[in-house]
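Dropping the structures in below, format is C-alpha cells.
Shared between the two complexes below is chain A, which has chain B as its partner in the first and chain C in the second.
Our next item is the complex of A and B:
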C-alpha cells in the first residue's frame, strides 16, 4: 500500500459537487501537484487531507492509518497557506517553535529545532523579528519552516506563492524544491500555475470541475495529454478544425491541405474533429517529411525568448511560437507564410 | 483655484471653532462654577469635600469592582462568540450584530424591570440577597455593554485572518483552548481594551439600573444625589467624571496608536 492513499473521495457543498470520486496513491517522499483553474476542487481536496473539511464519501489513509475523520490537530500534517498565516503576536522564532511548544517538547529541543529551521530557510538573523517586519517572501519561508518544524508526515502547500511577485516566486519555488528534496518529505502542492507544477513535481494531478482529468509526470501531462482540457490548460494549444479524417492511416485535411498526424495512440474523436498542435512545434519554411501549410501572418508579438505569430490559414488563426535568435529577421504582418510541423507532434481530438 | 482653497480652509476653521465652543463653553463654565464653593474666592474646596467624602470612595470603588466583573464576563462571553461567528457562522453575523444593538433601543428602565420581574421570583430569588443583586447588576451591565464590546471585538477579528490563523494553529497541533488563549486573545488585545474602557466608562456613570438594583451603593446614584443636594460638589463631580471618561478614551487612543504604528511598519 502507498504512503498516502485517497480513495473514492467526494465532497458536496449544499448540493454542489466540489470534488467527485478522487483517487490517488502517493509514495513516500513524492512531490505531487494539484493543478487546475479556480473552483476545480484542488484546494478542497487538500483541505480534506488536512482535516479542515470532511469528505462526503471516501477515505484518506496516511501511513496505514485511516485519518478521514481525525481532527486536524491530531493528524501531524504541516500546512502552508497562501496568506502565510503567521501569528502576528509572535516573533519568527516563536512562530517556528509554536507547534513544538504545543506538543510540550523540552525547551532546549525547541531551541535546537528552531535554529536548524532558521538555517534551512536562511533567516538566522531575523529570529527575533515580528512577521510585519519581514517581506512577503521571508514570511512565507517562516511559514514553511513552521510547518516543517513539527516533522509532519505530509507537507501541504495551498498556493503558497500566489501572493508574491514573479521574481520572488521563482526563487522561492526553487527553495521549496530544495528543502523538500533535502528533507525527503511527502508533499502535496496546490497551484493554478502550470509552470510551478511542471517545474516542481514528480507527478501532477490536473483537475477540472471537481474531477481528476489526468495524473502523470510533467512530461506526460505536457506531451501526452489525454483530454482536451489538459491539452489546452497546460501550455498553449492550437485546435484546428479538420475534415476527411482517416484515423487508420493518420491523415486529414486542414483547409484543403493534406496533413499527417500521430495515430499511434487510440483516441476518441468528437463529431467535429480538430487537429491539436502546440505553437512551439512549428517552423518557418519548407522541410521534407513534415506537414506544410500556407497562410498569411496576421499578428507578430515579440516576447523576448519567443516570437509569437498568428498565422491565418483560411478561416482559422494558428498560433506559432518561434524561438528568438539574435540575427533573426522578424516576419511582418501581411507576409505570406509557409510553416511546417512534424506529423508526430499533432493529434486528432 | 487658490482663492477657493483659501475659502474652504477658512470655513473649515470656522466650523471647527464653533464645534469647539459648543463643547468647551459649558465645560469651562461648569469648571469655573465648581471653583466658587468659597465666597468671592476661586478654590478647590468642592473637590476637597468630594474627595474627603467616604461615600465618594465607597461608591466609586463599588462601581469599579462591578465594572471589572462586567468586563471579565463580557470578554469571556463576547470573544468566543464573535470568534465562532466569524469562523463558522458568518451568516449569523448580521443577526447577532442586531441583537447586540438592542440595549441602545430598549430603555434601561425596561431592562431593569424585566430583570427584577424574572429573577426576583422562583427559582432564582436573586434580589433577596446583596450578592444576588450584585450578580444581577453585573448581568445587566453585560447586556448594556454588549454593543461596545461586540463591535470592538468584531472589528478586531475583522482585522486579522481568523480562519487561516485558526487552521494554521490546528495543523500545528493546537487544541481549541490553546488557539483561543495563545493565538486569538493576544491578537485582540487592543480591541478588547477598547471595548473594556468603553464598558467601564458606561458602568461608572450608569444611573437607572444601579438605582433600582443597589441604590446609593453605586457611583451613578451617588452623583445624582450630590447633584440634588450640593450644587458646587455636583459641578466638581461632573468635571471628575468627565476627566475619568476622557482618560479612558485617551488610553484607547494610546493603545490604538501603538497598533496602527506597527501596521504601518508592516506595510513597508
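Our next item is the complex of A and C:
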C-alpha cells in the first residue's frame, strides 16, 4: 500500500459538487502537483487531506492510518497557504517554533530546530523580525519553514507562489524543490500554473470541474495527454479540423492536403475529428518524410527565444513556434509558407 | 535636464513647497478648524479654568484648602467607589460585549443576529441618563415589572439583598451602555482575525485554547485595551444616570461636583474644581497605564 492514499473521495458543498471520486496513491517522498483551472477543486482536495474539510464520501489513509475524520491538529501534516498566514504577533523565530511549542517540546530542542530551519531558508539574519518587516517572498519562506519544523508526514502547499512577482516566483520554486528533495518529504502542491507543475513534480494530477482528468509524469501529461482538456490546458495545442480520417493507416486530409498522423495509441473518432499538434513541432521549409502543408503567414510575434507565427491554411489558423536563431530571417506577414512536421508529433482527437 | 531618476526625485521634493502656494496649504487645514476650535473652547479653556479655580477660595484668593479638603474620607470614598464602578462595568461590559461580538462573528450564528446585535448596540451605547434610569426603575425597581413578576413566582429580589439603588444595581444599569460599546468597537477587530491564522495554528498542532491564548488574543489585545479605557472613561464621567437612579444615594465624584457647582447647601465652587482636577489626574493615570500596556502589546504592528 502506498504512503498516502486517497480513495473515492467526493465533496459536495450544499449541492455544489466540488470534488468527485478522487483517487490517488502517493509514494513516500513523491512530489505531486494538482493542476487545474480556478474552481476545479484543488484546494478542496488539499483541505480534505489537511482536515479542514470532511469528505462527503471516501477516505484518506496516511501511513496506514485512516485520517479521514481526524481533526487537523492531530494529523501532523504541514500546510503552506497562498496568503502566507504568518502569525503577525510573533517574530520569525517564534513563528517557526510555534508548532513545536504547542507540542511542549523542550526549549533547547525548539531552538535547535528553529536555527536549522532558518539556515534552510537562508533567513538567519531575520530571526527576530516581525512578519510585516519581511517581503512577500521572505514571508512565504518562513511559512514553509514553519510547516517543516514540525517534521510533518506530508507537506501541503496551496498556490504558495501566486501572490509573488514573477522573478521571486521562479526563485522560490527552485528553493521549494531543493528543500523538498533534501528533506525527502512527501509533497502535494496545488497550482494553476502549468510551468510550476511541469518543472517541480514527479507526477501531476490534472483536474477539471471536480474530476481528475489525468495523472502522470510531466512528460506523459505534456506529450501524451489522454483528454482534450489536458491537451489544451497544458501547453499550447493546435486543434485543426480534418476530413477523410483513416485511423487504420493513420492518414487524413487537412484542407485538402494529405497528412499522416500517429495512430499507435487507440483513439476514437468523434463526428468532428481534429488533428492535434503542438506549435513547437513545426519547422519551416520542405523536408523528406514529413508532413508538409502550405499556407501564408498572417501574424508574426517575436518573443525572444521563440518566434510565434500564425499561418493560415485555407479556413484554419495554425500556431507555429520557431526557435529563434541569430541569423534567422523572420518571415513577413503575407509571405507564402511551407511548414513541415513529423507524423509522430500529431494525433487525432 | 538630468536623466538620473534619483536626482530627479530629489529635485521634485525640493520644488514641492514652491509649487504649492500658501493658500492651498491653508485650504488643507480648513476642514479641521472646528476640531481645533472645540479643543480650545471646550477642553483647553475649561481645563485651564479648572486648574486656576481649584487654587482659589470663594473670594478668589489663592488657597490650597480645596486640595486639603479632597483628603476628607467621604471624598476619598467617592473617588474609590467611582473608580470601582468604572472598573467593574468596564471589565464586566467588556467581557460580555466580547462574548457577544465573538458569537456573531467567529461563532457561526446566522447573519441577521449580527445585524440585530449591531443595530441594538448602536442605539444602546448612547442610551443613558434619565431615560435609562427610568427604564431600569420600571423593570427592576422596588415595584418594577420584573421585580413584581418574580415576586409572584416567589422570588423576592429585594429580600435577597438586591437593590437597584446600590453599587451593583448601578453597575447593572451602566452595563446597559457599556457592553454595546464593546460590541461596536471589538466586532471589526474580530472580523479582522483571518481564517488562515486559525487554520495555520490548528495545522501546526495547536488546540483551540492555544490558538486563542497565543494568537487571537494577543492580536486583539491593542483593540481590547483601547476599548477598555473607553469604557472606563465612559463610566467614570457618567452623571445623569447615577443621579436620576440613586438620587445621590451613591456618592459618585461627578455627583459631588454637580452639587458643588449647582449650588445647594454644599456650594463650594473651588472644591468642585479640585474634585474635577482629581478626576483628570485619575484619568491621566489610567491613560498612562493604558499607553504602556498598549505599547507592549503592539510591538508587532506596523507603525
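Heads up, the rule we're going with is that the second predicted complex is superposed on the first by the 349 of 349 C-alpha atoms of A that agree within 3 Å, B and C clash if a C-alpha of one lies under 4 Å from a C-alpha of the other, contacts with A are read in each partner's own complex, and residues count from 1 in each chain.
Throughout what follows, contacts are C-beta pairs under 8 Å (C-beta built on N, C-alpha and C of every residue); 3 or more make two chains touch, one makes a residue touch a chain.
Predicted, not measured: the structure shown is a model, and the values here were computed from it.
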When chain B and chain C are modelled together on chain A, clash or fit: clash
First, second, both or neither for A:172, with chain B first and chain C second: neither
First, second, both or neither for A:254, with chain B first and chain C second: neither
Touching partner for A:206 - first (chain B), second (chain C), both, neither: neither
Touched partner set for A:99, first chain B, second chain C, both or neither: both
Contacts of A:50 with chain B and chain C, given as first, second, both or neither: both
Overlap of chain C and chain B interfaces on chain A (superposed complexes): 50-52, 71-79, 81, 83, 85-89, 98-99, 102-103, 130-132, 143, 146-147, 150
Residues of chain B defined as touching chain A within the complex: 160-161, 164-165, 167-175, 178, 182-183, 186-187, 189, 262-263, 265-266
In the complex, chain A residues that touch chain B: 50-52, 71-79, 81, 83, 85-89, 98-99, 102-103, 130-133, 143, 146-147, 150, 156
Complex interface listing, chain C residues touching chain A: 194, 196-197, 199-207, 210, 214-215, 218-219, 299-302
Residues of chain A defined as touching chain C within the complex: 50-52, 71-79, 81, 83, 85-90, 98-99, 101-103, 130-132, 143, 146-147, 150
